[in-house]
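To keep things simple, chains are lettered A, B, C and D as they appear, and every chain counts its residues starting from 1.
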Amino acid sequence: MITLSSTKEETRKTCKIIRYSPWLVHFNTGACNGCDIEVLASITPLYDPERFGVKLAPSIRHGDILVVTGAVTKKSGERLRRLYDQMPNPKFVVAVGACAVDGGVFYKSYSVEGGADKAVPVAMYIPGCPPRPEAILDGIVKLLKKLETGDEKNE
Amino acid sequence: MSSRLDFLSSFTIETLVVKPGRKTYVVKPEDLRSVFSKMIEVLGDSSFYVSTIIGTDLKDEGRIRLDYYVVILPEEETIVLRTFIPRDNPSIDSLIDLIPGVLPGECETHDLLGVVFKGNPFLKRGFFVPSDIVEQGKYPLRKDSGV
Amino acid sequence: MGISKIIEVPLALELPVGPQHPALHEPVLLKAYADGEEIVKVEINTGYNHRGIEKLCEKNSFYRDIFIVARVCGICNLVHADCYVRAVEHILGMEISNRAKYLRVLAMELERLHSHMLINAVMAENIGFENLFMNIMLDREKIMKAKEILTGNRVLSDYVMVGGVRRDIDGVKKEKIKDIVLKTEERIKYYKKVFEEDTTILKRLVDVGKVSASDVVKHSLVGPVARASGVKIDSRSSDKYDAYGEIPFNVITRSEGDSWARMMVRWDEALESIKIALHILDHLPSDANPVPDEKKLPRKIPAGEAYTRVEAQRGELTYYVMSDGKLPNPYRVKIRTPSFNNIISSGFMYVGYTIADLPVILTSLDPCISCMERVTIVDIDKNVSYRLPFKELAKGI
Amino acid sequence: MRKPKLLKLAFENLVSKPATIQYPYEPTVIEPDFRGRHYADLNKCTGCSLCSIECPADTIKMTPIPQDYEVPKSNPRKIYPLINYGRCVFCYRCITVCPFNAYVSTNEYRLADPAKNDSSELSLSTLKKIVKEG
């Protein structure tokens, strides 16, 4: 399974495939839909991510970047793992919003796992509650830039 | 408006006011169904709706309090029907056949507080409370649930 | 061994509209059992979005709860915070200045505006009108800018505090918000005309998901869903909370009761909100400083209970807060959101329509799954000839 | 014949300015009082930890100030609030409740980072390092 931190050469070669047209798949694992409408707003013509080739993929099989919003509730945690396995390689996860990064205000609740990194390996964290559409695009562009340099450390 | 509701006085044990200004009638749990069927009879079934059912676990009094918030339609006035049921095996008869609108309230009170509504076929445990809490057989909103 | 039972097994298609679906932005699983094209039964299966907020509210203090409660739903966060804060103010018996009341109503009306534009855009996207979706979202960005000017954050505005609001507004901000709202007014009039004349929208929306007035009241549906069927309920005009007593506005009702009527009620309410916002910007009283000093707010909350109602974008939202006077935490916080009633008892609306109508009817109810996440729902078959799909046969009757 | 209205609209869009803001190259307008990154100014902070009690997401941890920093006398316990930006919800409750107004707030919103960062180097930058003699 080629992930970020396998051999540097391999990562750079595979990531060249998706560097110019990374397709997003958005999954809401129990969020307050504040981050979802910001992800939705960042797809609209005002910020126009299609300049970077960023588009919402129709199904998970075509997705390259999995945008996770929301404090991962226990029940949707299994769906998140299943979704992550269904994605073709190379795949990256972007955690959008304070809930997806570390659980936000709900991290002490009984039905919340708190944070997407407890279910799937996360490549980029975008804090903010909710992060502005520019911050989401900025995070994705930073992820793309990091793929070019390929100096990837964390798994 | 209060003239139409004076049939309630025959059932109520005591009346009080929930801030700001909601008249509350404390009724016995057994004749809750008759209160609602009388209400349908007097007011008609499309001139009031049950807004919400609030279950509160009064641990030190050993009782569970169920409040039925009813909105009387033409003037949109909210009144409260309050009943108390014992805490160890709380059960009350359901109103699902009289008023279909109570389904969400009853399912939630059952799943979060453990109140059994006799006659409601749709009660299921554990679709929204995560499965590990269900196995432990805990009700999250109970004060001693330790969740 | 005689034949004891004949089971008539039609091929019933079980279509799971899964928790991850391009049309749905939130995790809910709709299991629609359809015979051919016609939907026989819908099982709405939730649990993916439950965060245990009511138990969490009991573990945190009254003031920390304001920020937890505001994160129940991102689109109607200010309405949640305002309703909770008014409940605490009733328990404390605290009066707030007139200016703070006007500012709260202004912020809530801006939020209603952008929420109605969003749900109409998502409806246009679900019936395939991609271009209209992009245009409405483009104009909605201006309203988000106005909300950012007023409250400091685009979506989650954390604007309400016990005793008033957290930011005041000066002349420059008032002018900026005013011309944004005026510019949006003609755009909304234009979109309303598009929704009235465009043939694709009319074909997909008219006579889909029809609900009669008596059904609305029996299933206690609230908000634009009820007002589109002629039931005149609006917490703003009945409870007259905050500053709604002094502001002239009228409640919009229609009588058709189908998805198209629900969308038109939302457009009319958006125009109504613009009228309210402009009225507030012209008649903003300046009697006292609306910003309370958060360092001197009372720590101990006396024993008591309060039940407040507010008109959220999707309907009547009620909060019940009870404090036992000993702990700084509330004893019980009960949140009943409009989508809780609208979505859960809406299983009967889908029966009889085609599969293609499923997303249209669901979107016309303006589903806010993060609001709704309290309980599970089970299949409700309402006087429909019971057909046995394969799956249930396998499970054994 | 209602069709010409569409032609008028199409022509209008043809000549009108594109609506897209070239975001990374052309910065979007951010309000000066937008709630962005914030950190504690350790010259005013007295380590009373009221902000970490009031924070709704418990992201503020009172951590001891490292040895090689000059600590002002007003901070006897030598601790300072460390904000973990990963879980912070930017509600500015800490800023409004701080009795000494010791928080500096900016409207910086680009916080995306491969690792979860916190406010340590920003807060410590407000203090002077002790110059090691010899």
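Criterion: a contact is a pair of C-beta atoms (placed from the backbone, for glycine too) under 8 Å apart; a residue touches a chain by one contact, two chains touch by 3 or more.
Not measured: the values here are computed from a predicted model.
Chemist: Per the definition at the top, count C-beta pairs in contact and tell me whether A-C or A-D has more.
Modeler: Counting C-beta pairs in contact for A-C and A-D gives the edge to A-C.
Chemist: Based on the averaged CA atom positions, which chain is farthest from chain C?
Modeler: Max centre-to-centre separation from chain C belongs to D.
Chemist: Indicate the whole-number Å distance between the mean C-alpha point of chain A and the mean C-alpha point of chain C.
Modeler: Here the centre of chain C sits 27 Å away from the centre of chain A.
Chemist: Distance between chain A and chain D based on Cα centroids, please, to the nearest Å.
Modeler: 22
Chemist: Roughly how many whole angstrom separate the Cα centroids of chain B and chain D?
Modeler: 46
Chemist: Let me have the rounded angstrom distance from the C-alpha centre of chain C over to the C-alpha centre of chain D, please.
Modeler: The answer is 31 Å.
Chemist: Any chance you could list the residues of chain C touching two or more other chains?
Modeler: As it turns out, chain C has residues touching two or more other chains at 47, 50, 52, 55, 67-68, 71, 138, 156, 373.
Chemist: Give me the residues of chain A that touch two or more other chains.
Modeler: Where chain A meets two or more other chains at a single residue, that happens at 45-46, 73, 75, 104-105, 108, 110-111, 129, 132.
Chemist: Would you pick out the residues of chain D that each touch at least 2 other chains?
Modeler: 19, 56-57, 89-91
Chemist: Can you list the residues on chain C that touch chain A in the complex?
Modeler: 19-20, 22, 25-27, 47-53, 55-56, 59, 67-68, 71-75, 77, 118, 134, 137-138, 140-141, 144, 154-156, 368-370, 373
Chemist: List the residues on chain D that touch chain A in their complex, please.
Modeler: Within the complex, chain D contacts chain A at residues 19-24, 28, 56-59, 84-91, 109-116.
Chemist: Which residues, counting only chain B, touch chain A once they are in their complex?
Modeler: For this pair, the touching residues of chain B are 128-133, 140, 147.
Chemist: If you look only at chain A, which of its residues touch chain D in the complex?
Modeler: On the chain A side, the touching residues are 45-48, 51, 98, 101-105, 107-108, 123-129, 131-132, 134-135, 137-139, 141-142, 146, 153-154.
Chemist: Taking the complex as given, what residues does chain A use to touch chain B?
Modeler: 73-75, 110-111
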